[in-house]
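The next part holds the structures, each set out as C-alpha cells.
What follows is a pair of complexes built around subunit A, which joins subunit B in one and subunit C in the other.
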Partner chain A sequence: MMNPPLIETQSLCKTFRDFWRRPVVEAVKDLGLCVERGEVFGLLGPNGSGKSTTLKMLLGLLHPSSGNVRVFGKAPQDVMVKARIGYLPEVSHLHAFLTPRETLMYYAALFGMPRQGAVRRTGELLEMVGLTHAADRAVGRFSKGMARRVGLAQALVNAPDLLILDEPTSGLDPIGCREVKDLIHLLSQAGVTVLMTSHLLADVEDVCARVAIMDKGVLRAHGPIRDLLRTPDVIRFSVQGLSEGDAASVRAIIEKHAGHPVQQDYPEMSLEAYFLNVVNRDAPQKAFEVAPFLKP
Partner chain B sequence: MPRIQKTFVSSVPLCELKSMRRVLGITLLAIRASLRTKAVVALFALLAVCVLLLPSVIKSDGTAEGSCRILLMYTVGFSFGILCLSTLWAACALFAAEIDSLRIQLSAVKPVRAAEFWLGKWLALLLLNAFLLAAVYGGVYAQLRWQMRANGWGEQIALTSRTVARPILPSVAQEVRETYALLKARDNLPEGMSERAILRALAQNAQERYDLINPGEEKHWRFTLARPLRTGEAITVRIRFDTEFSTRTAVQGFCRLSSGDRAVEVPLDDFSLNEIEFEIAAEAFGAADAFTLSFRHTGDPQESSALMLRFRQDVALLTAGGTFEANLARSALIQWSVLALLAAFGLTLSTGFSMPVAMFTATVLLVLTIVGQSVVEGTSHEDEQEWSNRPGIWVSRGVTTLTQHATQNAPLESVIRGERVDAKALRAALLWNVLLTPALFALLGTHILRRRELAG
Partner chain C sequence: MKRTIQQIIAIAKATVLESVQQPIAFLILAAGVLSTLLVPVFQFHRFSEDGRLARDSGLSCMLVFGLVLAVTTAGSAVAAEITRGTAAAIIGKPVSRVTFVVSKWLGICGVLLIFWLGICAATLLAERGSYHFVMPDECAHEDPGVTCACCESPGHQMDTVTLTLGICGVGAAMLLAALRHYFKRRRFGVSAFVGVAVSQLCVAGLCGFYSRFGNLRMMRPDTAAYLPDLDWRILPAALLVLFALMLFAALATALATRLPTGPVLAVCVLALVLGLAGDSFAAGAGLASWRGLLAGLVPDIQHFWMCDALAHGGRIAWPYVAEAAVYALSCCALFLTAGCLAFRLRDLG
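Presenting the complex of A and B:
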C-alpha cells in the first residue's frame, strides 16, 4: 500500500483582499502540489511568485481562499500536525530581549517538553548551530547570520518530521550556507522531509531532489531536478589523467560514431567550493554538529 | 544510516501536563518581556512616587482620620487608577504587538491552542498585577503604621474591621414590584413612560430614597447578625442623618436595641454630627444574633425638624469582624479582580485589532464605564424623550449593565470606615471578574485568534 503524500494541495488559491473585501492580489492560483515523505523539495520562483504565501498556508498562518491543503493527511491548523513541523521563516522574528538559550527554552515549552529535556535539547541545538559561546547574550544584539542560526535551532527543537525552510541560507555567509546544506542532507538521510524555498538556485540544486517552479502564483514546472535539468540526447564523459594524444584519439572515435564534432572542455569547481577551500585551508572544516541528533 | 532521534515524538496525544507547560512558557515570556523592556520597572517607580509622595502633597484636614483617609483613599485609589490604565494598555499590546511585528508566526506554528496563548498572557498580567498591587498596599500599610507611631494617631483612631448588619427590608426588586403593582392597581402610573422606565425609576428611588422620622414618631428595624454575639465583645449601633445641621441640633430621642426580652435604651441628644455611634456590651444580650433597633424622636415638634435617613444604608449594627490587615487584603483582592477583568478585556481586544486601535477602543470604553453610571443616574424622563440623547443613554446603560459587577464594590470606602469588606461582595467580584466574564472574553478572543490570519 502506498503512503499518502506528506503535503498535498489541490486547486489551492489565495487572494488577498483589502478592508472592503475587494481583491487586491491573487497570490496563489490553482496550485496542486505533492511532497512525499523523506524527500527534499524545493519551491522556486522570483519575488512575489507566491512561494511564501504557499508555505504560510501549509503552516496554517494563512487561510486558503479556495482549494485544499493537507499536511500529514490533516488540516494544517491541527495541533497534532503542528507538533511534527519545524519552521524557519524568511525573517526570524525572534524576541530581541531573550537570549538564544531562553528563546529555545521558550519554544521547547510550547512543544510541552519537560524542563530537563528542554535544557538538554537547548544545549545540543546551541552547540549544533555554533552559538554556545553566545548562548546568554540578547538576540537583539546578534548579526543577521547569528539570528538566523537561532532561528534554525528553534525550527529543530521538536526534532520535526517535516522541516519547512523559507530562504534558509538568507543572511548566512558561504560557510554558514554550506553548513545548512550539509544539515539538510543529514536530516534528509535521517528521514526528515524538507520543504524549502530559495532564490539561490545553486543552493536548491545542491540539496533538493524535486523542485516546483512558481511564477505569478502559478505552478509553471515541477518534477525531479535531474529530469528537469537533463539535456536530452547529450552524454558527457569525465576522465582524469588522460594525455593530450589519448584524448585526441578518444575524441576521434566518438566523432566517428556520433557523426558530428564533439565539444571538449575542462570542468571547473564552483565558486562556493573554491571559497570554502580557501577559507578552510588552514583550519579543519566546521560543519553543524549534528551528532546529538543521530543514532550511532 | 544515521537517524534523528525522536525524543519528543509529537504523535503522542497532547496531555494536560503539556498544556500547562505551554501556558507556563507563554506566561514566563510575557513576564520576562515586561521586565526586560523595563515596563514594569517604570510602572513600579511611578507607583512608588504615588505611594511615597502623594500623602505629603494632598492636604488633609489635620485630623488623624483625615490623614488616614488620604493615605488609603487617594494613594491607593490613584495607584489603582494607574494600574487600571497600564493593565488595559499592556493587555491591548500583548497580542496586537506580537501580531503586528509578525513575531507571533514562530509561536503560532507550534502546537499551541489559541486558548493556551490567551490564558498564558492573561496569567502573566494577573501575576504582575498581584505583585504591583501588593507592593502598593504594603507601602501604604507600612506608612500608616509608621505615621500612627510617629504622630500618635493610635490614640485617636483604631484600625478596625467590623461586620456590618443592615436592616431586614424587602429587596429593592421586591419593593419595586410591590410599588409598581400598587400604582397600577390605583391607576396611578405616570403617563408617557414605558414600563421599563418606570421600574428603573422605582429601583433608583428604592435605593436612594430618604425616609423621615418626624418628632413624636418611632421607627423599628430588624437585624440578623452573621453570627451570635461573643462574650466580651461589643455591638455598635450606627445611625447617619442627612438633615441640615441648623435643624438637626434640636433633635432628641431614644435608641432602643432589644433581643428577645432583653433591651438597652440609650438617650440621644447630640445630633451635631451627621453620624451617631455607640457601643453596647454583649453581656446585655448574651449570645443573641437577632435584634430590633428602634428610634423614637422626642424632639419638640415646634423647634425640631424631622430626621432624614436612608434605611437601606444609614442604619447599621456593627460587630467585630477580623483584623484591619485582613480587610485590607480583601480590598486588594477585589481591586485585583477588577484588574483581571480589564486584562481579559484588553487581551480580547488585542486579538482582533492592531495595537493603536485596541488601545483607543479600550480607553474609550473605560471612560464610558466611568461616566456611564453618572449618565444613567442623571438621566430624566425628559432626556430620554429627546431622540438625539437616546444613543448615548442606551450605550451608557449597556456599558453600566455589563460592568456593574466590576464597579459596584467600593472596598476602600469600607476599609476606611472600618467596615469588613463583605464576603459576598468579595465572592461575587472573584466569580464575575476573575472567572465568568474573563471566560466569556477568552472564548471570544480564542475564536478571533483561530479565525484570524497571523501572517500578511
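Presenting the complex of A and C:
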C-alpha cells in the first residue's frame, strides 16, 4: 500500500479581503500540490506569486478561502501536526529582547521539551549555526544574517519530520548559504522532508529534487527538477585535458554526424564556488553535524 | 495538559519580560508611584481628611495608570505581535490559539501585579506620610523623660521621613538598574520596573522600625520595636482595584486580537466610564431597552471602587472581596472567550 503524501492541497484558494469583506487580492488560485515523504521540494515564483501564502496555509496561520489542505493527513491547525513541523518564516520574527539562548529555550518550552533536554539541544543548535559567541546578546541587535541563523536554529529545535523554509538563504552571506544548503542535504539524507520557497533559483537547483513554479497565485509547472530542466534534443560532452587540435577533430566528426554546426565552450564554475575557493572555506568541511537534530 | 501548562508559563513569562522592557511600563509605574507619594506634600485643604485624600488618590492612580498600563501592554503583547509576525511564529508551533490568548492575558496580569504591588505600597506610605493628628506620647524618641520639639507640638504631623524614603526609593531603583545594566548587562527596563515596586515594598517594610517623627522605635524600650503604623484597610480596596485591572486586561487582550492599541484604549476608557456610571444611566431601564442591554454588557466597575467604604473608619468585608473576585473572573472568562472566538479565524501573516 502506498504511503499518503505528506502534504496535499486540493483546489486551494486564498483571497485577501478588506474590512468590508471585499476581495482585495487573489493570492492563491486553485492550487493542487503534493509533497512526498523524505523529498526536498522547492516552491518557486517571483515576488507576490503566492509562495509564502501557501506555506502559511500549510501551517494553519492563514485560513483557505476554499479548497483543502492536509499535512500528515490532518488539518494543519491540529497542534499534533504542528509538533512535527519546523518552520523558518521569511522574516525571522524573534523577540528582540531575548538572547539566542533564551529564544531557543523559549521555543523548546513551546514544544514541551524537558528543561535538561532543551538546554542540551540549545547548545548544539547554537554551535551548529555558529552563534555560540553571541549566545547571550539580545537578538534585537543582531544583523539580518545572524537573526536568520537564530531563526534556522529555532526551526530545528523540535527535530522536525517536516521542515518548512521560507526563503532560507535570504540575508545570509555566501558561506552561510552554502552551510544552509549542506544542512538541507544532510537532513534530507536523514529522512526529513523539506519544503522550501525561494526566488534564488540557483539555491533551489542545488538542493531540490522536485519543484513547483507559481506565478500570480497559479501553479504554472511542477515536477522533478531534472525533467523540467533537461533539453531532450541537446547532448553535451565534457572532456578534460583535450588539446585544441584534438578538440577540432572531435568537433568536425560530431558536426558531420549532426549535420549542422556544433557549439563549443569552456565551462565556468559558479560565482559561489569561486567565492568559497577565494575565502578558503571548504564547504564540505563545514558541513553540519546533523545527528543531534534528529529524533532519537 | 503538561505541555499546555509549560506553553502557558513560557508565553506568559516572555510577555512579562517583553512588556516590562518597554519604557512606557516603567514610566507609568514611576509616574503612578510619584503621583501617589507627592499627594500628601501638595494637598492644601485638610479638614482632617489628609489620610483619606492620600488613600483615594493612590487608589485612583492605581486604577487610571493601571488601565493605561493594561491597554498599552495588551497593545504591545498582542496587537503588535500579530502585526510584527511574532504571534505567527508562536502559532506556527504546537500552540493553540486559545493557549496563546490565555497566556497573553496571564502575562499582562503578571505585569499588572508588579505594578499593583508598587502602587499599593506607595498608597500605604502616602497614607502614613500624610498629616495625622498625633499625641505627644506617640513620639518614640530615646528618653521618654525628655521632651523634644515633636512632643511640644502635638497635633497634625506629616511623616516626611517615610515620604522621602519612598520618593528616594524610585531614584535608587533607577540608579541600581543603571548600574546593573552597565556592569552586568542586565536589562534596564526590567530592573527599573521591578526595582521601583520592590523599593516601595521595602520602605513599607522598613517604616515599622521608626515612628512618625523619624525616631527609631527600638531605642524606646516601652514601645514595640516594630510597628508599621500603616492603614491595612487599604489592602482589600486595592485588591478590588486589582480585580478591575485584571478585567480590563482581559477586555484589552480580547480587543487587541483584532484592533490596534488606540481603539482598544478608547473602548476600555468607555467601558470604565460606563461601568462607573452604570447606576445612573441604567436606573429604571428595562432589560429589553438599549440602556438595560448596555448595563448588562458593561461590567459594573462600581463593585470594584470601594474607597468611600473606608471613610470614617469603615472596612471592606473579606467575603465581599471574594464575591467581587468571582464576578471579575466571570467577566474575564467572558471577555477571553470572545477574544478566542475573534482570534480563531484571524489570518496571521
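Here, the second predicted complex is superposed on the first by the 280 of 296 C-alpha atoms of A that agree within 3 Å, B and C clash if a C-alpha of one lies under 4 Å from a C-alpha of the other, contacts with A are read in each partner's own complex, and residues count from 1 in each chain.
The rule we apply is simple: contacts are C-beta pairs under 8 Å (C-beta built on N, C-alpha and C of every residue); 3 or more make two chains touch, one makes a residue touch a chain.
This structure is a prediction, so every number in the text was calculated from the model and none was measured.
Engineer: Subunit A superposed: clash or fit between subunit B and subunit C?
Structural biologist: With subunit A aligned, subunit B runs into subunit C, so clash.
Engineer: Who wins on subunit A residues touched, subunit B or subunit C?
Structural biologist: It is B that touches the greater number of subunit A residues.
Engineer: Counting only touches as set out at the top, which of subunit B and subunit C does A:H63 meet: first, second, both, neither?
Structural biologist: In the superposition, A:H63 touches subunit B and subunit C alike.
Engineer: For A:L186, select first, second, both or neither according to whether it touches subunit B, subunit C, the two together, or no partner.
Structural biologist: In the superposition, A:L186 touches subunit B alone.
Engineer: Mind working out whether A:L131 is in touch with subunit B, subunit C, both or neither, as first, second, both or neither?
Structural biologist: Once the two structures are laid over each other on A, A:L131 reaches no partner at all.
Engineer: In the superposed arrangement, does A:R121 touch subunit B (first), subunit C (second), both or neither?
Structural biologist: A:R121: touches subunit B, not subunit C.
Engineer: Is A:V194 contacted by the first partner subunit B, the second partner subunit C, both or neither?
Structural biologist: In the superposition, A:V194 contacts neither subunit B nor subunit C.
Engineer: Subunit B: which of 207-215, 225-233, 297-305 or 405-413 bumps into subunit C?
Structural biologist: In the superposed model, subunit B runs into subunit C at 405-413.
Engineer: Considering each complex separately, which residues of subunit A are in contact with subunit B in the first and with subunit C in the second?
Structural biologist: Residues common to the subunit A contacts of subunit C and of subunit B are 56, 59-63, 79-80, 82-83, 85, 87, 89, 91, 93-95, 97-98, 106-107, 109-112, 154, 158, listed in rising order.
Engineer: Which stretch or stretches of subunit C touch subunit A in the complex?
Structural biologist: Those residues of subunit C that touch subunit A are 2-3, 6-7, 9-11, 14, 17-18, 21, 84-86, 88-96, 187, 345, 347-349.
Engineer: For the complex, which residues does subunit B have touching subunit A?
Structural biologist: Those in contact with subunit A are residues 1-8, 10-11, 13-15, 17-19, 21-22, 24-26, 28-29, 32-33, 36-37, 101-103, 105-113, 450, 453-455.
Engineer: Per the contact definition, I'd like the list of subunit A residues that touch subunit C in the complex.
Structural biologist: Subunit A reaches subunit C through residues 16, 52-53, 56, 59-63, 79-80, 82-83, 85, 87, 89, 91, 93-95, 97-98, 106-107, 109-112, 154, 158.
Engineer: Enumerate the contact residues on subunit A facing subunit B in the complex.
Structural biologist: 56, 59-63, 77, 79-80, 82-85, 87, 89, 91-95, 97-98, 102, 105-114, 117, 121, 151, 154, 158-159, 161, 186-187, 189-192, 290, 293-295
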